[in-house]
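Labels for the chains are A, B, C and D, by order of writing; each one numbers its residues from 1.
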Amino acid sequence: MGAAARPFRLPVRVYYQDTDAGGVVFHAQYLAFFERARTELLNSLGFDLAQLADEGRILFLVHEACLRYRRPARLNDLLKVSAEVAKLGHASLVFHQRVERAGELLVEGEVTLALADRERLRPARMPAELKRLLQA
Amino acid sequence: MGAAARPFRLPVRVYYQDTDAGGVVFHAQYLAFFERARTELLNSLGFDLAQLADEGRILFLVHEACLRYRRPARLNDLLKVSAEVAKLGHASLVFHQRVERAGELLVEGEVTLALADRERLRPARMPAELKRLLQA
Amino acid sequence: MGAAARPFRLPVRVYYQDTDAGGVVFHAQYLAFFERARTELLNSLGFDLAQLADEGRILFLVHEACLRYRRPARLNDLLKVSAEVAKLGHASLVFHQRVERAGELLVEGEVTLALADRERLRPARMPAELKRLLQA
Amino acid sequence: MGAAARPFRLPVRVYYQDTDAGGVVFHAQYLAFFERARTELLNSLGFDLAQLADEGRILFLVHEACLRYRRPARLNDLLKVSAEVAKLGHASLVFHQRVERAGELLVEGEVTLALADRERLRPARMPAELKRLLQA
């Protein structure tokens, strides 16, 4: 494995826009929370998704996602959303992700991403520097 | 003026994804409903936004939007969302838009769009054929 | 099994609001498309989610969701989103769901729902009539 | 008037989920950004929207919103979203709101909110303590 030891954690506030008429966070919104944590993990390593897309012509495409919902998050909760590299390939990677509130696990899941070139959406190799940093 | 006489109307169902913890449709979502009606109006005239962007290199950018909220829409409501050209310029147009439920006005507003070329986001002229159809 | 033989299919248009800067539908949005199809399936059987929540004090909570992304949907695509009951329990059910474009599979997945009473979010029994209809 | 002298500013990162196939932030999303800034302004004053809804039985309903779009925000931009009380009534208030990137104005607008009791959605008086704090 050799994947990143400690998960990256992003604080995320729950606003009305994240909730639904059931009074809790809308279930698809956790996938969006997951994406925020992955993006900020990359930012923290010096990788900017917009630059990767514009200059490197590389996109991360979500290939698979599984979520397990244990407890609902609610309006104005302050959550911690984590992203941790669970598996690192040449053209893909798997993140394990969790949403917690005050140490309590609310939602967890795995997201598999494939790297693709921007124009043809075909598989692309991970830049060596990014791979090195994700392994660290 | 000389704009389209009858408004175009699109049926829109309210799902959990459209609502918030207040039990009603989240206020920003009406702007998204408005966009659906404008897009389907263009589709009904034979204009495909994706084709306009890819082949014509033209985007519609929202330049201004005003919404007045009168009554809330709720989960599972079946709404009618209308789009009517209120003003038609060389590189811009104004839509008057309404959201109704069983003939009752819930939300209305105006959305001003500017045509822009896709690469530089500078003003672009409306295709003559589109202008002709919107005036009809 | 004994679940509904033919999947329910809902036409869904892709608007700008569904897409992201990668030029394709944002990956979390498919969970929202799935929800639309499940809701319309229930509507077609005479079950209204808003009424179930208000009068029956029953919510459907998403308990687990898995999605496999095969090909991206794009702006203005007209999709078919299907929902099919794959497993039917006393207080839960599993849907198999697919997103297709002109017969081509784009995204598929499973969504497990648990019935819960609205106030305490504890497990609740499925109304017998609903169970009967979903089995038909 | 006597409204708050300095606007409250919230940093907001632009993620894929905020953008559309035009490569820029989806126009309705700025209303959601505005809401985040208003909510955090209230939080910073010690008012929690969830508590106001649950205990005070009070909701803030958006009554009117106008937005003027000047320049597009893009993927991974770090924005500042401000909320400033422009007008303060007994049962309503108007916020002036701006989205800036590195000091440059991208979007601005006004949002009028009405206080309503949660059950019947009828106008409600602003809690005196909240009014006092918003005037400070």
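Simple rule for what comes next: contacts are C-beta pairs under 8 Å (C-beta built on N, C-alpha and C of every residue); 3 or more make two chains touch, one makes a residue touch a chain.
Owing to the predicted nature of the structure, the values given are computational and were not obtained by experimental measurement.
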Reference chain C; chain at largest CA-centroid distance: D
By the contact definition above, name the pair with the higher C-beta contact count: B-C or A-C. A-C
Considering chain A as a copy of chain D, what rotation angle in degrees (nearest 5) results from a C-alpha superposition of the former onto the latter? 180
Whole-angstrom distance, CA centroid of chain B to CA centroid of chain C, is 27
Taking each chain's centre as the mean of its CA atoms, how far is chain C from chain D in angstrom? 32
Between chain A and chain C, what is the gap in Å from one C-alpha centre to the other? 23
So which bits of chain C are touching at least two other chains? 16-17, 21-22, 24, 28, 32, 35, 50, 53, 74-75
Show which residues of chain B lie in contact with chain A when the two form their complex. 16-17, 19-24, 26, 28, 74-75
Please give the residue numbers of chain D that touch chain A in the complex, ascending. 13, 15-17, 32, 35-36, 39-40, 43, 48-51, 53, 74-76
Contacting residues of chain D [partner chain B, same complex]: 21-22, 27-29, 31-32, 35, 50, 53, 59, 61-69, 72, 118, 121
